[in-house]
Amino acid sequence: MRRKSNSPYNFESSVQVQFHEVDSLNIVWHGHYIRYFELGREAFGEKYGMGYRALRAHNTAVPVVSVHCEYKRPLTYGDHAIIKAYFIESMSAKVIFEYEIFHAETKDLIAVGRTEQVFTKPETGELILLFPDFYKKWLEELKNSFA
Amino acid sequence: MRRKSNSPYNFESSVQVQFHEVDSLNIVWHGHYIRYFELGREAFGEKYGMGYRALRAHNTAVPVVSVHCEYKRPLTYGDHAIIKAYFIESMSAKVIFEYEIFHAETKDLIAVGRTEQVFTKPETGELILLFPDFYKKWLEELKNSFA
Amino acid sequence: MRRKSNSPYNFESSVQVQFHEVDSLNIVWHGHYIRYFELGREAFGEKYGMGYRALRAHNTAVPVVSVHCEYKRPLTYGDHAIIKAYFIESMSAKVIFEYEIFHAETKDLIAVGRTEQVFTKPETGELILLFPDFYKKWLEELKNSFA
Amino acid sequence: MRRKSNSPYNFESSVQVQFHEVDSLNIVWHGHYIRYFELGREAFGEKYGMGYRALRAHNTAVPVVSVHCEYKRPLTYGDHAIIKAYFIESMSAKVIFEYEIFHAETKDLIAVGRTEQVFTKPETGELILLFPDFYKKWLEELKNSFA
(Lines give C-alpha, C1' and ligand atoms only; values in the text may rest on other atoms or scores of the structure.)
Protein backbone atom coordinates (compact mmCIF):
# COMPACT_ATOMS: atom_id res chain seq x y z
CA MET A 1 0.00 0.00 0.00
CA ARG A 2 2.82 2.42 0.83
CA ARG A 3 5.81 2.94 -1.40
CA LYS A 4 9.20 3.12 0.22
CA SER A 5 10.12 6.67 1.32
CA ASN A 6 13.06 7.88 -0.71
CA SER A 7 13.52 11.56 -0.12
CA PRO A 8 17.21 12.48 -0.04
CA TYR A 9 16.44 14.84 2.84
CA ASN A 10 16.41 12.47 5.75
CA PHE A 11 17.96 12.08 9.18
CA GLU A 12 18.31 9.26 11.67
CA SER A 13 17.70 9.47 15.40
CA SER A 14 17.77 6.74 18.00
CA VAL A 15 15.65 5.98 21.00
CA GLN A 16 15.64 3.31 23.69
CA VAL A 17 12.29 1.98 24.87
CA GLN A 18 11.55 3.02 28.44
CA PHE A 19 9.65 0.95 31.00
CA HIS A 20 6.65 3.28 31.12
CA GLU A 21 6.14 2.99 27.35
CA VAL A 22 5.40 -0.74 27.47
CA ASP A 23 1.80 -1.85 27.95
CA SER A 24 0.25 -4.95 29.50
CA LEU A 25 0.91 -6.91 26.29
CA ASN A 26 4.62 -6.27 26.90
CA ILE A 27 4.97 -4.12 23.79
CA VAL A 28 5.32 -0.38 23.27
CA TRP A 29 1.83 1.16 23.42
CA HIS A 30 0.92 2.31 19.92
CA GLY A 31 0.35 5.94 20.89
CA HIS A 32 4.01 6.43 21.83
CA TYR A 33 5.06 6.17 18.18
CA ILE A 34 3.61 9.67 17.67
CA ARG A 35 6.30 10.86 20.09
CA TYR A 36 8.95 8.91 18.19
CA PHE A 37 7.87 10.61 14.97
CA GLU A 38 8.10 14.00 16.68
CA LEU A 39 11.56 13.14 18.00
CA GLY A 40 12.71 12.20 14.50
CA ARG A 41 11.14 15.27 12.93
CA GLU A 42 12.61 17.68 15.45
CA ALA A 43 16.05 16.08 15.17
CA PHE A 44 15.88 16.67 11.40
CA GLY A 45 14.78 20.26 12.06
CA GLU A 46 17.59 20.86 14.50
CA LYS A 47 20.15 19.34 12.16
CA TYR A 48 19.05 21.42 9.15
CA GLY A 49 18.11 24.64 10.93
CA MET A 50 14.31 24.54 10.75
CA GLY A 51 13.17 23.11 14.06
CA TYR A 52 10.44 24.37 16.35
CA ARG A 53 12.59 27.17 17.77
CA ALA A 54 13.75 28.41 14.38
CA LEU A 55 10.11 28.58 13.30
CA ARG A 56 9.10 30.43 16.46
CA ALA A 57 11.90 32.92 15.83
CA HIS A 58 10.01 33.67 12.60
CA ASN A 59 6.75 33.95 14.56
CA THR A 60 5.41 30.83 12.88
CA ALA A 61 3.93 27.65 14.26
CA VAL A 62 3.45 24.40 12.36
CA PRO A 63 0.67 22.40 14.08
CA VAL A 64 0.18 18.83 12.93
CA VAL A 65 -3.01 18.40 10.88
CA SER A 66 -2.63 14.75 9.93
CA VAL A 67 -0.92 11.70 11.39
CA HIS A 68 -0.75 8.22 9.96
CA CYS A 69 1.07 5.24 11.43
CA GLU A 70 1.24 1.59 10.40
CA TYR A 71 2.65 -0.91 12.85
CA LYS A 72 4.63 -3.81 11.41
CA ARG A 73 6.36 -5.42 14.37
CA PRO A 74 6.33 -4.67 18.10
CA LEU A 75 9.06 -3.11 20.21
CA THR A 76 9.56 -4.15 23.80
CA TYR A 77 11.31 -2.84 26.91
CA GLY A 78 14.95 -1.94 26.44
CA ASP A 79 14.90 -2.23 22.66
CA HIS A 80 16.92 0.33 20.75
CA ALA A 81 15.14 1.77 17.71
CA ILE A 82 16.22 3.93 14.81
CA ILE A 83 13.81 6.65 13.68
CA LYS A 84 14.39 7.72 10.10
CA ALA A 85 12.59 10.96 9.21
CA TYR A 86 12.22 11.88 5.54
CA PHE A 87 11.42 15.46 4.60
CA ILE A 88 8.95 15.31 1.69
CA GLU A 89 8.61 18.25 -0.67
CA SER A 90 5.08 19.60 -0.81
CA MET A 91 3.37 21.60 -3.56
CA SER A 92 1.03 23.33 -1.13
CA ALA A 93 2.07 25.23 2.00
CA LYS A 94 2.62 22.21 4.20
CA VAL A 95 5.46 20.54 6.04
CA ILE A 96 5.38 16.83 5.26
CA PHE A 97 7.47 14.09 6.83
CA GLU A 98 7.49 10.35 6.35
CA TYR A 99 9.00 8.00 8.90
CA GLU A 100 10.48 4.57 9.14
CA ILE A 101 11.27 3.03 12.49
CA PHE A 102 13.72 0.12 12.62
CA HIS A 103 14.92 -2.18 15.35
CA ALA A 104 18.51 -1.08 15.84
CA GLU A 105 19.92 -4.58 16.11
CA THR A 106 17.73 -6.79 13.94
CA LYS A 107 17.13 -3.99 11.37
CA ASP A 108 13.50 -5.17 11.23
CA LEU A 109 11.03 -2.56 10.04
CA ILE A 110 8.87 -1.71 13.08
CA ALA A 111 6.58 1.03 11.77
CA VAL A 112 6.07 3.52 8.97
CA GLY A 113 4.23 6.80 9.15
CA ARG A 114 3.53 10.25 7.82
CA THR A 115 2.65 13.64 9.28
CA GLU A 116 1.45 16.85 7.68
CA GLN A 117 1.74 20.26 9.27
CA VAL A 118 0.44 23.66 8.23
CA PHE A 119 1.82 27.12 8.85
CA THR A 120 -0.05 29.30 11.34
CA LYS A 121 0.41 32.47 13.34
CA PRO A 122 1.02 31.34 16.93
CA GLU A 123 -1.00 34.11 18.63
CA THR A 124 -4.20 33.59 16.69
CA GLY A 125 -3.88 30.15 15.13
CA GLU A 126 -4.67 31.82 11.79
CA LEU A 127 -3.67 29.72 8.78
CA ILE A 128 -0.84 30.95 6.53
CA LEU A 129 -1.88 29.87 3.04
CA LEU A 130 1.39 30.31 1.14
CA PHE A 131 4.91 29.18 2.02
CA PRO A 132 6.50 31.98 4.12
CA ASP A 133 9.50 33.65 2.47
CA PHE A 134 11.98 32.59 5.16
CA TYR A 135 10.86 29.02 4.61
CA LYS A 136 11.24 29.15 0.83
CA LYS A 137 14.74 30.52 1.33
CA TRP A 138 15.59 27.72 3.79
CA LEU A 139 14.21 25.10 1.40
CA GLU A 140 16.37 26.47 -1.41
CA GLU A 141 19.43 26.21 0.79
CA LEU A 142 18.52 22.70 1.90
CA LYS A 143 18.36 21.58 -1.71
CA ASN A 144 21.64 23.25 -2.57
CA SER A 145 23.36 21.58 0.36
CA PHE A 146 22.26 18.21 -0.99
CA ALA A 147 22.98 19.03 -4.65
CA MET B 1 -11.35 13.13 1.35
CA ARG B 2 -13.08 11.24 4.13
CA ARG B 3 -16.75 10.37 3.96
CA LYS B 4 -18.85 10.85 7.05
CA SER B 5 -18.82 7.79 9.31
CA ASN B 6 -22.27 6.32 9.47
CA SER B 7 -22.09 2.95 11.12
CA PRO B 8 -25.16 2.35 13.32
CA TYR B 9 -22.86 0.73 15.88
CA ASN B 10 -21.50 3.76 17.64
CA PHE B 11 -21.10 5.11 21.14
CA GLU B 12 -20.30 8.51 22.65
CA SER B 13 -17.85 9.19 25.47
CA SER B 14 -16.78 12.50 26.91
CA VAL B 15 -13.48 13.85 28.10
CA GLN B 16 -12.28 17.11 29.63
CA VAL B 17 -8.91 18.45 28.54
CA GLN B 18 -6.36 18.31 31.38
CA PHE B 19 -3.57 20.81 31.96
CA HIS B 20 -0.78 18.37 31.12
CA GLU B 21 -2.30 17.67 27.68
CA VAL B 22 -1.88 21.25 26.46
CA ASP B 23 1.36 22.19 24.72
CA SER B 24 3.26 25.44 24.42
CA LEU B 25 0.90 26.57 21.62
CA ASN B 26 -1.93 26.38 24.19
CA ILE B 27 -3.64 23.53 22.35
CA VAL B 28 -3.93 19.82 23.06
CA TRP B 29 -0.76 18.13 21.78
CA HIS B 30 -1.69 16.05 18.73
CA GLY B 31 -0.46 12.75 20.17
CA HIS B 32 -3.07 12.79 22.93
CA TYR B 33 -5.85 12.16 20.40
CA ILE B 34 -4.63 8.57 20.14
CA ARG B 35 -5.60 8.23 23.81
CA TYR B 36 -8.98 9.83 23.10
CA PHE B 37 -9.59 7.27 20.35
CA GLU B 38 -8.68 4.46 22.72
CA LEU B 39 -11.00 5.86 25.36
CA GLY B 40 -13.88 5.98 22.86
CA ARG B 41 -13.11 2.51 21.52
CA GLU B 42 -12.88 0.92 24.96
CA ALA B 43 -16.10 2.63 26.08
CA PHE B 44 -17.83 1.10 23.06
CA GLY B 45 -16.31 -2.27 23.93
CA GLU B 46 -17.42 -2.04 27.54
CA LYS B 47 -20.92 -0.99 26.54
CA TYR B 48 -21.36 -3.82 24.04
CA GLY B 49 -19.42 -6.53 25.83
CA MET B 50 -16.26 -6.76 23.71
CA GLY B 51 -13.69 -4.62 25.50
CA TYR B 52 -10.09 -5.46 26.32
CA ARG B 53 -11.03 -7.64 29.29
CA ALA B 54 -13.67 -9.63 27.40
CA LEU B 55 -11.09 -10.32 24.69
CA ARG B 56 -8.47 -11.39 27.24
CA ALA B 57 -11.02 -13.77 28.80
CA HIS B 58 -11.00 -15.42 25.35
CA ASN B 59 -7.20 -15.42 25.36
CA THR B 60 -7.12 -12.95 22.50
CA ALA B 61 -5.38 -9.60 22.08
CA VAL B 62 -6.16 -6.98 19.44
CA PRO B 63 -3.06 -4.84 18.92
CA VAL B 64 -3.46 -1.70 16.81
CA VAL B 65 -1.82 -2.04 13.38
CA SER B 66 -2.90 1.26 11.87
CA VAL B 67 -3.84 4.71 13.18
CA HIS B 68 -4.96 7.71 11.22
CA CYS B 69 -5.98 11.10 12.60
CA GLU B 70 -6.90 14.37 10.92
CA TYR B 71 -7.02 17.49 13.02
CA LYS B 72 -9.66 20.06 12.11
CA ARG B 73 -9.76 22.48 15.02
CA PRO B 74 -7.76 22.70 18.25
CA LEU B 75 -8.91 21.94 21.78
CA THR B 76 -7.58 23.91 24.71
CA TYR B 77 -7.37 23.56 28.48
CA GLY B 78 -10.66 22.81 30.21
CA ASP B 79 -12.58 22.12 27.00
CA HIS B 80 -15.10 19.32 27.11
CA ALA B 81 -15.04 17.04 24.07
CA ILE B 82 -17.30 14.28 22.79
CA ILE B 83 -15.62 11.21 21.32
CA LYS B 84 -17.88 9.29 18.95
CA ALA B 85 -16.57 5.81 18.14
CA TYR B 86 -18.07 3.97 15.16
CA PHE B 87 -17.60 0.23 14.90
CA ILE B 88 -17.01 -0.55 11.21
CA GLU B 89 -17.71 -4.01 9.84
CA SER B 90 -14.67 -5.61 8.25
CA MET B 91 -14.48 -8.37 5.63
CA SER B 92 -11.10 -9.57 6.88
CA ALA B 93 -10.25 -10.54 10.44
CA LYS B 94 -9.80 -7.02 11.77
CA VAL B 95 -11.42 -4.72 14.31
CA ILE B 96 -12.00 -1.36 12.68
CA PHE B 97 -13.18 1.82 14.35
CA GLU B 98 -13.70 5.32 13.03
CA TYR B 99 -13.85 8.33 15.29
CA GLU B 100 -15.25 11.82 15.38
CA ILE B 101 -14.30 14.22 18.13
CA PHE B 102 -16.53 17.22 18.75
CA HIS B 103 -16.31 20.22 21.02
CA ALA B 104 -19.06 19.53 23.55
CA GLU B 105 -20.40 23.08 23.61
CA THR B 106 -19.80 24.51 20.14
CA LYS B 107 -20.40 21.12 18.43
CA ASP B 108 -17.45 21.96 16.16
CA LEU B 109 -15.75 18.97 14.57
CA ILE B 110 -12.29 18.76 16.18
CA ALA B 111 -10.81 15.62 14.62
CA VAL B 112 -11.63 12.47 12.70
CA GLY B 113 -9.74 9.23 12.73
CA ARG B 114 -9.58 5.52 12.16
CA THR B 115 -7.84 2.55 13.76
CA GLU B 116 -7.40 -1.04 12.64
CA GLN B 117 -6.60 -3.91 14.98
CA VAL B 118 -5.77 -7.54 14.32
CA PHE B 119 -6.39 -10.63 16.43
CA THR B 120 -3.36 -12.24 18.06
CA LYS B 121 -2.50 -14.77 20.76
CA PRO B 122 -1.26 -12.71 23.73
CA GLU B 123 1.55 -15.09 24.79
CA THR B 124 3.25 -15.32 21.41
CA GLY B 125 1.92 -12.38 19.42
CA GLU B 126 1.01 -14.89 16.70
CA LEU B 127 -1.54 -13.55 14.23
CA ILE B 128 -5.03 -15.10 14.14
CA LEU B 129 -6.00 -15.03 10.47
CA LEU B 130 -9.73 -15.69 10.70
CA PHE B 131 -12.38 -14.13 12.94
CA PRO B 132 -12.46 -16.18 16.19
CA ASP B 133 -15.75 -18.01 16.79
CA PHE B 134 -16.56 -16.14 20.00
CA TYR B 135 -16.16 -12.90 18.07
CA LYS B 136 -18.42 -13.97 15.20
CA LYS B 137 -21.06 -14.91 17.76
CA TRP B 138 -20.71 -11.53 19.47
CA LEU B 139 -20.95 -9.69 16.15
CA GLU B 140 -24.15 -11.58 15.31
CA GLU B 141 -25.65 -10.55 18.62
CA LEU B 142 -24.55 -6.95 18.17
CA LYS B 143 -26.35 -6.78 14.84
CA ASN B 144 -29.49 -8.39 16.26
CA SER B 145 -29.55 -5.91 19.11
CA PHE B 146 -29.55 -3.06 16.57
CA ALA B 147 -32.03 -4.70 14.17
CA MET C 1 4.17 8.26 58.91
CA ARG C 2 1.48 10.42 57.38
CA ARG C 3 -1.49 11.62 59.36
CA LYS C 4 -4.90 11.44 57.74
CA SER C 5 -5.72 14.54 55.70
CA ASN C 6 -8.62 16.34 57.32
CA SER C 7 -9.01 19.70 55.69
CA PRO C 8 -12.71 20.62 55.38
CA TYR C 9 -11.91 22.09 51.95
CA ASN C 10 -11.92 18.98 49.81
CA PHE C 11 -13.48 17.68 46.63
CA GLU C 12 -13.88 14.27 45.02
CA SER C 13 -13.28 13.45 41.36
CA SER C 14 -13.41 10.10 39.64
CA VAL C 15 -11.31 8.48 36.95
CA GLN C 16 -11.35 5.16 35.11
CA VAL C 17 -8.03 3.51 34.36
CA GLN C 18 -7.28 3.49 30.62
CA PHE C 19 -5.42 0.77 28.75
CA HIS C 20 -2.38 2.93 27.99
CA GLU C 21 -1.87 3.68 31.70
CA VAL C 22 -1.21 0.06 32.62
CA ASP C 23 2.38 -1.22 32.50
CA SER C 24 3.86 -4.64 31.87
CA LEU C 25 3.18 -5.61 35.51
CA ASN C 26 -0.54 -5.10 34.73
CA ILE C 27 -0.81 -2.17 37.12
CA VAL C 28 -1.09 1.57 36.56
CA TRP C 29 2.41 2.94 36.00
CA HIS C 30 3.36 5.01 39.04
CA GLY C 31 3.98 8.22 37.10
CA HIS C 32 0.33 8.50 36.06
CA TYR C 33 -0.70 9.29 39.63
CA ILE C 34 0.81 12.75 39.15
CA ARG C 35 -1.88 13.26 36.49
CA TYR C 36 -4.55 11.96 38.86
CA PHE C 37 -3.43 14.49 41.49
CA GLU C 38 -3.62 17.27 38.88
CA LEU C 39 -7.08 16.14 37.86
CA GLY C 40 -8.27 16.23 41.47
CA ARG C 41 -6.60 19.58 42.14
CA GLU C 42 -8.04 21.22 39.03
CA ALA C 43 -11.51 19.83 39.77
CA PHE C 44 -11.32 21.44 43.21
CA GLY C 45 -10.16 24.68 41.59
CA GLU C 46 -12.97 24.64 39.08
CA LYS C 47 -15.55 23.87 41.76
CA TYR C 48 -14.41 26.70 44.07
CA GLY C 49 -13.41 29.25 41.47
CA MET C 50 -9.62 29.17 41.65
CA GLY C 51 -8.50 26.84 38.86
CA TYR C 52 -5.78 27.37 36.30
CA ARG C 53 -7.89 29.71 34.19
CA ALA C 54 -9.01 31.87 37.10
CA LEU C 55 -5.37 32.26 38.09
CA ARG C 56 -4.33 33.17 34.54
CA ALA C 57 -7.09 35.78 34.45
CA HIS C 58 -5.17 37.36 37.36
CA ASN C 59 -1.92 37.00 35.40
CA THR C 60 -0.62 34.45 37.87
CA ALA C 61 0.80 30.96 37.42
CA VAL C 62 1.24 28.38 40.16
CA PRO C 63 3.98 25.94 39.07
CA VAL C 64 4.41 22.81 41.16
CA VAL C 65 7.60 22.92 43.27
CA SER C 66 7.15 19.68 45.19
CA VAL C 67 5.38 16.37 44.63
CA HIS C 68 5.15 13.43 46.97
CA CYS C 69 3.28 10.19 46.39
CA GLU C 70 3.05 6.97 48.40
CA TYR C 71 1.60 3.91 46.72
CA LYS C 72 -0.42 1.56 48.93
CA ARG C 73 -2.20 -0.78 46.53
CA PRO C 74 -2.17 -1.10 42.74
CA LEU C 75 -4.88 -0.13 40.26
CA THR C 76 -5.41 -2.14 37.11
CA TYR C 77 -7.13 -1.72 33.74
CA GLY C 78 -10.77 -0.65 33.94
CA ASP C 79 -10.71 0.14 37.66
CA HIS C 80 -12.66 3.16 38.78
CA ALA C 81 -10.86 5.34 41.29
CA ILE C 82 -11.88 8.27 43.49
CA ILE C 83 -9.44 11.14 43.82
CA LYS C 84 -9.99 13.17 46.98
CA ALA C 85 -8.13 16.51 46.90
CA TYR C 86 -7.73 18.42 50.19
CA PHE C 87 -6.86 22.09 50.08
CA ILE C 88 -4.40 22.71 52.94
CA GLU C 89 -4.00 26.20 54.38
CA SER C 90 -0.44 27.47 54.15
CA MET C 91 1.29 30.13 56.24
CA SER C 92 3.67 31.06 53.42
CA ALA C 93 2.67 32.04 49.88
CA LYS C 94 2.06 28.53 48.60
CA VAL C 95 -0.83 26.46 47.30
CA ILE C 96 -0.80 23.11 49.09
CA PHE C 97 -2.95 20.09 48.34
CA GLU C 98 -3.03 16.63 49.84
CA TYR C 99 -4.59 13.69 48.03
CA GLU C 100 -6.14 10.34 48.76
CA ILE C 101 -6.95 7.95 45.97
CA PHE C 102 -9.44 5.16 46.66
CA HIS C 103 -10.68 2.21 44.66
CA ALA C 104 -14.26 3.20 43.87
CA GLU C 105 -15.75 -0.21 44.60
CA THR C 106 -13.59 -1.77 47.32
CA LYS C 107 -12.92 1.61 49.00
CA ASP C 108 -9.31 0.45 49.47
CA LEU C 109 -6.79 3.25 49.88
CA ILE C 110 -4.63 3.21 46.74
CA ALA C 111 -2.31 6.15 47.22
CA VAL C 112 -1.73 9.31 49.22
CA GLY C 113 0.16 12.38 48.13
CA ARG C 114 0.92 16.05 48.47
CA THR C 115 1.86 18.88 46.12
CA GLU C 116 3.11 22.38 46.77
CA GLN C 117 2.87 25.24 44.28
CA VAL C 118 4.24 28.75 44.34
CA PHE C 119 2.91 31.94 42.77
CA THR C 120 4.81 33.32 39.78
CA LYS C 121 4.41 35.83 36.97
CA PRO C 122 3.76 33.75 33.83
CA GLU C 123 5.83 35.89 31.43
CA THR C 124 9.03 35.88 33.45
CA GLY C 125 8.64 33.02 35.90
CA GLU C 126 9.48 35.53 38.65
CA LEU C 127 8.45 34.36 42.12
CA ILE C 128 5.64 36.23 43.94
CA LEU C 129 6.69 36.14 47.60
CA LEU C 130 3.43 37.15 49.29
CA PHE C 131 -0.11 35.87 48.76
CA PRO C 132 -1.65 37.99 45.96
CA ASP C 133 -4.62 40.13 47.09
CA PHE C 134 -7.13 38.41 44.80
CA TYR C 135 -6.08 35.10 46.31
CA LYS C 136 -6.43 36.28 49.91
CA LYS C 137 -9.93 37.52 49.05
CA TRP C 138 -10.80 34.18 47.46
CA LEU C 139 -9.49 32.27 50.49
CA GLU C 140 -11.61 34.43 52.81
CA GLU C 141 -14.69 33.63 50.75
CA LEU C 142 -13.85 29.93 50.66
CA LYS C 143 -13.68 29.85 54.45
CA ASN C 144 -16.93 31.76 54.81
CA SER C 145 -18.69 29.38 52.45
CA PHE C 146 -17.64 26.49 54.70
CA ALA C 147 -18.34 28.26 58.01
CA MET D 1 15.92 20.62 53.69
CA ARG D 2 17.60 17.89 51.70
CA ARG D 3 21.23 16.95 52.16
CA LYS D 4 23.36 16.46 49.08
CA SER D 5 23.23 12.89 47.75
CA ASN D 6 26.68 11.37 48.03
CA SER D 7 26.41 7.68 47.37
CA PRO D 8 29.46 6.44 45.43
CA TYR D 9 27.12 4.20 43.41
CA ASN D 10 25.81 6.66 40.86
CA PHE D 11 25.42 6.99 37.13
CA GLU D 12 24.69 9.83 34.74
CA SER D 13 22.24 9.75 31.85
CA SER D 14 21.21 12.54 29.52
CA VAL D 15 17.94 13.57 28.00
CA GLN D 16 16.78 16.30 25.63
CA VAL D 17 13.42 17.94 26.28
CA GLN D 18 10.87 17.05 23.61
CA PHE D 19 8.13 19.34 22.35
CA HIS D 20 5.31 17.28 23.82
CA GLU D 21 6.81 17.55 27.31
CA VAL D 22 6.46 21.32 27.49
CA ASP D 23 3.25 22.77 28.90
CA SER D 24 1.40 26.01 28.28
CA LEU D 25 3.78 27.83 30.66
CA ASN D 26 6.60 26.88 28.25
CA ILE D 27 8.26 24.63 30.81
CA VAL D 28 8.49 20.87 31.16
CA TRP D 29 5.31 19.64 32.84
CA HIS D 30 6.23 18.50 36.36
CA GLY D 31 4.91 14.95 35.89
CA HIS D 32 7.51 14.16 33.22
CA TYR D 33 10.30 14.24 35.82
CA ILE D 34 9.01 10.89 37.09
CA ARG D 35 9.98 9.51 33.66
CA TYR D 36 13.39 11.18 33.89
CA PHE D 37 13.96 9.49 37.26
CA GLU D 38 12.98 6.14 35.75
CA LEU D 39 15.34 6.70 32.84
CA GLY D 40 18.21 7.46 35.22
CA ARG D 41 17.37 4.51 37.46
CA GLU D 42 17.13 2.03 34.61
CA ALA D 43 20.36 3.31 33.05
CA PHE D 44 22.08 2.65 36.39
CA GLY D 45 20.50 -0.82 36.50
CA GLU D 46 21.61 -1.60 32.97
CA LYS D 47 25.13 -0.37 33.67
CA TYR D 48 25.55 -2.41 36.85
CA GLY D 49 23.53 -5.48 35.88
CA MET D 50 20.38 -5.07 37.97
CA GLY D 51 17.83 -3.44 35.65
CA TYR D 52 14.22 -4.43 35.10
CA ARG D 53 15.11 -7.37 32.87
CA ALA D 54 17.72 -8.80 35.23
CA LEU D 55 15.13 -8.66 38.02
CA ARG D 56 12.50 -10.35 35.87
CA ALA D 57 14.99 -13.10 35.04
CA HIS D 58 14.95 -13.74 38.81
CA ASN D 59 11.14 -13.66 38.80
CA THR D 60 11.11 -10.49 40.84
CA ALA D 61 9.43 -7.15 40.32
CA VAL D 62 10.28 -3.90 42.12
CA PRO D 63 7.21 -1.65 42.01
CA VAL D 64 7.69 1.94 43.15
CA VAL D 65 6.04 2.61 46.53
CA SER D 66 7.18 6.18 47.06
CA VAL D 67 8.17 9.11 44.84
CA HIS D 68 9.36 12.52 45.89
CA CYS D 69 10.43 15.37 43.63
CA GLU D 70 11.41 18.95 44.34
CA TYR D 71 11.58 21.38 41.45
CA LYS D 72 14.27 24.05 41.64
CA ARG D 73 14.41 25.57 38.15
CA PRO D 74 12.39 24.93 34.98
CA LEU D 75 13.51 23.17 31.81
CA THR D 76 12.19 24.26 28.43
CA TYR D 77 11.99 22.88 24.90
CA GLY D 78 15.26 21.63 23.46
CA ASP D 79 17.17 21.83 26.75
CA HIS D 80 19.65 19.07 27.43
CA ALA D 81 19.55 17.72 30.98
CA ILE D 82 21.77 15.39 32.98
CA ILE D 83 20.06 12.88 35.25
CA LYS D 84 22.28 11.68 38.06
CA ALA D 85 20.90 8.58 39.81
CA TYR D 86 22.39 7.60 43.18
CA PHE D 87 21.85 4.10 44.48
CA ILE D 88 21.26 4.40 48.25
CA GLU D 89 21.91 1.44 50.52
CA SER D 90 18.84 0.41 52.48
CA MET D 91 18.63 -1.50 55.77
CA SER D 92 15.21 -2.96 54.91
CA ALA D 93 14.33 -4.87 51.74
CA LYS D 94 13.93 -1.84 49.49
CA VAL D 95 15.57 -0.38 46.41
CA ILE D 96 16.23 3.30 47.04
CA PHE D 97 17.47 5.87 44.55
CA GLU D 98 18.04 9.57 44.86
CA TYR D 99 18.25 11.84 41.84
CA GLU D 100 19.70 15.14 40.79
CA ILE D 101 18.80 16.69 37.47
CA PHE D 102 21.08 19.36 36.04
CA HIS D 103 20.91 21.61 33.03
CA ALA D 104 23.63 20.20 30.79
CA GLU D 105 25.03 23.59 29.75
CA THR D 106 24.46 25.92 32.69
CA LYS D 107 25.01 23.11 35.27
CA ASP D 108 22.08 24.62 37.21
CA LEU D 109 20.34 22.21 39.57
CA ILE D 110 16.89 21.62 38.08
CA ALA D 111 15.33 19.07 40.43
CA VAL D 112 16.11 16.58 43.16
CA GLY D 113 14.14 13.48 44.04
CA ARG D 114 13.93 10.07 45.63
CA THR D 115 12.13 6.81 44.91
CA GLU D 116 11.62 3.69 46.98
CA GLN D 117 10.78 0.29 45.54
CA VAL D 118 9.89 -3.00 47.20
CA PHE D 119 10.45 -6.57 46.04
CA THR D 120 7.37 -8.51 44.92
CA LYS D 121 6.46 -11.67 43.05
CA PRO D 122 5.26 -10.52 39.61
CA GLU D 123 2.40 -13.05 39.26
CA THR D 124 0.71 -12.30 42.55
CA GLY D 125 2.09 -8.94 43.63
CA GLU D 126 2.96 -10.60 46.96
CA LEU D 127 5.55 -8.66 48.97
CA ILE D 128 9.02 -10.20 49.48
CA LEU D 129 10.00 -9.12 53.00
CA LEU D 130 13.73 -9.88 52.97
CA PHE D 131 16.38 -9.06 50.38
CA PRO D 132 16.42 -11.93 47.84
CA ASP D 133 19.66 -13.90 47.78
CA PHE D 134 20.51 -13.01 44.17
CA TYR D 135 20.16 -9.35 45.11
CA LYS D 136 22.40 -9.62 48.17
CA LYS D 137 25.02 -11.26 45.99
CA TRP D 138 24.74 -8.51 43.39
CA LEU D 139 25.02 -5.82 46.07
CA GLU D 140 28.17 -7.45 47.42
CA GLU D 141 29.69 -7.43 43.96
CA LEU D 142 28.67 -3.82 43.38
CA LYS D 143 30.49 -2.79 46.55
CA ASN D 144 33.58 -4.77 45.66
CA SER D 145 33.68 -3.20 42.20
CA PHE D 146 33.74 0.24 43.86
CA ALA D 147 36.16 -0.72 46.64
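Couple of notes before you dig in:
A, B, C and D label the chains in the order they appear, each numbered from 1.
Keep in mind that, in the parts below, a residue touches a chain if its C-beta (ideal position, glycine included) is under 8 Å from a C-beta of that chain, and two chains touch if they have at least 3 such contacts.
On a predicted model such as this, the values are computed, not experimentally measured, just so you know.
When the C-beta contacts at B-C and at A-C are tallied, the pair with the greater total is B-C. Centroid distances built from C-alpha atoms place A farthest away from subunit C. Subunit A and subunit B, compared by their mean Cα positions, are separated by 24 Å. A separation of 30 Å divides the Cα centre of subunit B from that of subunit C. For the pair subunit A and subunit C, the distance between mean C-alpha positions equals 35 Å. Among all residues of subunit B, those that touch two or more other chains are 19-20, 31, 35, 38, 77.
Those residues of subunit D that touch subunit A in the complex are listed here as 18-20, 35, 38-39, 42, 46, 51-53, 77-78. Taken in their complex, subunit A has these residues touching subunit C: 19-20, 22-24, 26, 29, 31, 77. Taken in their complex, subunit C has these residues touching subunit D: 25, 27, 30-31, 34-35, 38, 61, 63-71, 74, 122, 125.
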